[in-house]
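The two complexes that follow have chain A in common; it is paired with chain B in the first and with chain C in the second.
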Partner chain A sequence: MAVFKTALINEVEKLSKKKKAWVAVILSLAVIVVGQLVILAVRSGFGLRGVGSGEFPLLVLSLVVNTILPLFAALVAIDSFSGESAQNTLRITLTRPVSRFKVFTAKIGAIALFLLGALVLLFVFSVLAGLLFNASSLTWSDFFRLVLSFLVSLLPLVVLALGIVLLTNVARSGITVFFLAILAFLLLKVLGLVFSGYADLLPTAQLDWYNLWLADVFPVAAVVRQFLLMLGYGVMFFVAGFYLFDQKEL
Partner chain B sequence: MKFKKKTALLLSFTMGALLVATTALADMTHKSGYDQLKGALKGTAAQCNGKFDNFTMDISYVIKDNGKTVSSSDTVQKIDRKDNASLSQTELVTQDGGRQASEHYADPQTMIDHSSQVSAYFVTHFDPARKFDVFSDPFQAKGAGDVERIVDAVVGNLKDYVVVKENPDGSKEFSGSLNETQIPPLINALVSFQAKQGIVHSLPQLTQDIFVKEIKGNAQVNRDGVMQSLLGTLVLSGKDAQGQVHVISLEVLAKLSGINATQVVKPDLSGKKVQENTVASATYKQQTVDPKMFVGEFKNDIVVQKGGKFVKAGVRTLNITQADQQTVSGQYKEEYKPGFESYATHKLDFQFKAELSPQGGQGAFKFNAVGANGNQISGQLYFDPRLDKINLVFNGMGRMGQGYDSTFDPVFH
Partner chain C sequence: MSKEQVIEKVIELEHLTKVYKNGRGIDDISLDIYRGDVFGFLGPNGAGKTTAMKVMTGLIRPDRGEVRILGHSVAEEYEKAMAKVGCMIETAESYPYLSAFENLRQFARYYPGVDEKRVDEVLELTGMLKYKREKPKRFSLGMKQRLGLAAAVLSRPEVVILDEPLNGLDVEGMIAMRNLIKGLAERETTFFISSHLIHDVELTCNRIGVIYNGRILDVDSTANILKNYASLENYFVSEVEQSGRI
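And then the complex of A and B:
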């Protein structure tokens, strides 16, 4: 466990030193600023309230969870695998007395932590912006719902990241993986639209599953089903990704 | 060791795959409340269109402003598919308590309209009988599938907000509600915007901070899968120009009853004041247009607003010189009276040769022409089969300026 911890710290530190991490922070803040400006424009221009302080963070979440968060997941996953392979720094990591399984898991852990960090950042700033610029409608129960929504959104994002990690171990070049990932993401979204009856089954459909957690009558069956689906996809992606990572000749 | 690792990986992968497969199966066999509700709606519409000979639909709405009723309406529509006749009676209550009743009867040969404001009954006879469907399934309509897909996509993960309660006798009760945090912000904005645009006159004019506070609904479906009632409520909140908060609720209730026990009775007109007219056919497409009849001069007045009055500023002339089923040629010009030259910024004068527009249907011709000052002009001509009038519409109507009148009347010499 101590070895894994060290490996994880190592991965997190590598990630935090990257410019991409800062790009993610700036993009997240930009989304909040632009979102708030749009709301203010709609409010003064059309006389619509747009959102109250309780809803603004959810508006931000609904936007980022299908756009920039998957993008971050792709960026860090590609950087952590394809990038290190390309720069030959992966070799250094792997020559340490740490098993490949631990390295792989530590990398996934770092990606998950990064996504969690992004969610926390978005949460804090969107709540602040929501409170500052919108008619106060935030209650404690709303606040709790918000925390829940942001937290549960981590799971589908990690599953998505695992899928992208699998891709990085299939294709070598980071750019190929990046475009493959975007293409696959769009394709899945379109499929979801065309076969709307079966849309729930696609690994991209769970991205906004936080909506389920907000229902008045908690839809236990639906939450369990979606959770099991994500778990299944996650395990498949993880195992396949690790198998390829383990076989990799450096 | 190597072998063990591979087995473990293979096992884990299989387990993951099995998990996905079984959950997917469970997901497919399980129908969310939303899907069941959709199924019930479709089933009811299909039965109304196929199985039931006659039935009664009762659709009513109430609009309340801060709890006070400002408008309500109740429409009872009796439909007899066997005799192909329908009778609908509407009662509207306005804010001041005024009541307006109206009645509409229709079958292939006749149409009767009556409203409480006018004493006469308006009767239209169709000879020969028109093509008339007393009820058509909205889910079978063209484009219904696409609409359904879009709605499905918008609903997305809100599907499970519809709660189903199954009763021992096989009937079902659906209910669901979305409060302001649960309604997706984009939908909230769109609905609020629509509500702002299309709000009933008797309501206070909301100007700011408009938002959808709540959407809720419930439905009863009997054990034969027929939806007997559907109630939807939309609660809007907003402020008027004085800054006063208004909570406006709209409740719509639809009920289906009298299945195979409804009788459509034609209104008894004996002793009533009746205004009759006969139409050769209600479907205009059956009427043929003979473009040759339109050869000649057509005019309308150029009217402008000046000094708070409408003033005739000139004449638009459309001269059809040749016309057959395929082509129409002629000339269009505008002439302004002395003193009104300043209005003639868009003045047009051109010759055209128009061709039958396949998309436009009967009597529609489109043209491309070059104006006197060399600019491109395109548009359509429509010959009205019932009246000796021509409609001339230009593409990019903005160019014509305000006050362009597209209807041209014939000039009889």
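And then the complex of A and C:
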């Protein structure tokens, strides 16, 4: 466990020192600022109410969970695997007394922590923006539902990141992986629209699963089903990704 | 019982084979390296030196055969096998976005007894202390090589595996590196060094192995070789020519 902890600390340190990670943070904040400006413009220009303080963070979440957060997941995963492989820096980690399994798991842990950090940041700033600029007060019950929505959104994002990690271990070039990931993402979204009856089975459909947690009557069966589907995808992506990572010749 | 038999085997290669799709690689390499050896692995480009070292450090899996370091199998007990090993394989790489100090601190975390003081110590030892806060993306090849060597000896390893450690170093750097290796060897550190710089191998190593076309041609002590040949270069050319005739 101590070796895994070391590997995780190292991965988190590397991630925090990369410019890409900070660009992601700035972009996340920009989404909130632009979103709030649009709402203020709609309100003053058309006299519409826009959104209440409790609804603004959910509006932000619905936007980022299908756009910039999957993009960040792809960028960070590609950098961590394809990038290090191309720069030969993976070699200097793997020749230390640490197994490939621990390095692989630590890298995924760091990506998950990064996504959690992005969600926390988006939550804090969207709640603050909601409270400062929008009408109606935020109740504790609303606040709790918001926390839950942001937290449960981590799971489908991690599953998506695991899928991208699998791609990084299939194709060598980071650019190829990036385009493959975008193509696969768009294809799955289109498939979800065309075969709407089966859309829930696709890994991209679960990005919106936080909506299930907001229902007045908690849909236990649907939540369990979606959770198990994500778990299944996650396990398959993890195992296949690790198998290829373990076989990699550096 | 000969002297070699009573001295502890530190690295054991048994029938190591790894053939790439292009037909190159290594074929049935068996080799024992003993404690305190400064073993020079000599061979022309493409002979299989780097492949052998990559298999030894777990970067590549062999098709056949096994590597044991300090009694631990690299394939089965990787963490134990690598616990007392420092290495630099193919090129001296470092994370370009971390400073020299941060790069070494990353590796230091894997070893319980290695603290920031030790990081400074190896930076001093390799002449890199004044660049400790700089990022390697602005380093010359020689500076990167020095940082790679600092990373290899950081954990006070019992075994050091170096692939072409003198690449990119100026004369001053080569002499410093040779002295560093000799100094550590006096303290019972075992070295496995590949190089195409025959003169430097002659000055640094006490045992030599010649690899050609993926096969070991001969292993002997430097002293013994120099008894029979005018220089290591003569020995090397003779071994390779013999192999060519065969």
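Just so it is clear, the second predicted complex is superposed on the first by the 250 of 250 C-alpha atoms of A that agree within 3 Å, B and C clash if a C-alpha of one lies under 4 Å from a C-alpha of the other, contacts with A are read in each partner's own complex, and residues count from 1 in each chain.
We take it that a residue touches a chain if its C-beta (ideal position, glycine included) is under 8 Å from a C-beta of that chain, and two chains touch if they have at least 3 such contacts.
Just so you know, these numbers come straight off a predicted model, no measurement behind them.
Of the two partner chains placed around the shared chain by superposition, neither chain B nor chain C is touched by A:W22. After superposition on the shared chain, chain A has more residues touched by B, the comparison being chain B against chain C.
Once chain A of one complex is fitted onto chain A of the other, the partner contacts of A:F144 are absent, as it touches neither chain B nor chain C.
Residue contacts after overlaying the shared chain place A:F179 against neither chain B nor chain C.
Of the two partner chains placed by superposition, only chain B is touched by A:M236; chain C is not. By the document's definition of touching, of the two partners only chain B reaches A:N211; chain C does not. Taken in their complex, chain A has these residues touching chain B: 42-43, 46-52, 54-55, 58-59, 62, 135, 137, 142, 145, 192-194, 196-201, 205, 208-209, 211-212, 214-217, 219, 221-222, 225, 228-229, 231-236, 238-240, 242-243, 246. Residue ranges of chain B in contact with chain A, taken from their complex: 5, 9, 12-13, 15-24, 26-28, 30, 32, 35, 148-149, 152-153, 156-161, 163, 177, 179-182, 184-186, 188-189, 192-193, 196, 206-211, 237-238. The touching residues of chain C, when paired with chain A in their complex, are 54, 57-61, 78-80, 82-83, 85, 87, 89-91, 93-98, 102, 106-107, 109-111, 151.
The touching residues of chain A, counted against chain C in their complex, run 3, 6, 9-10, 13-14, 17-19, 87-89, 91-100, 247, 249-250.
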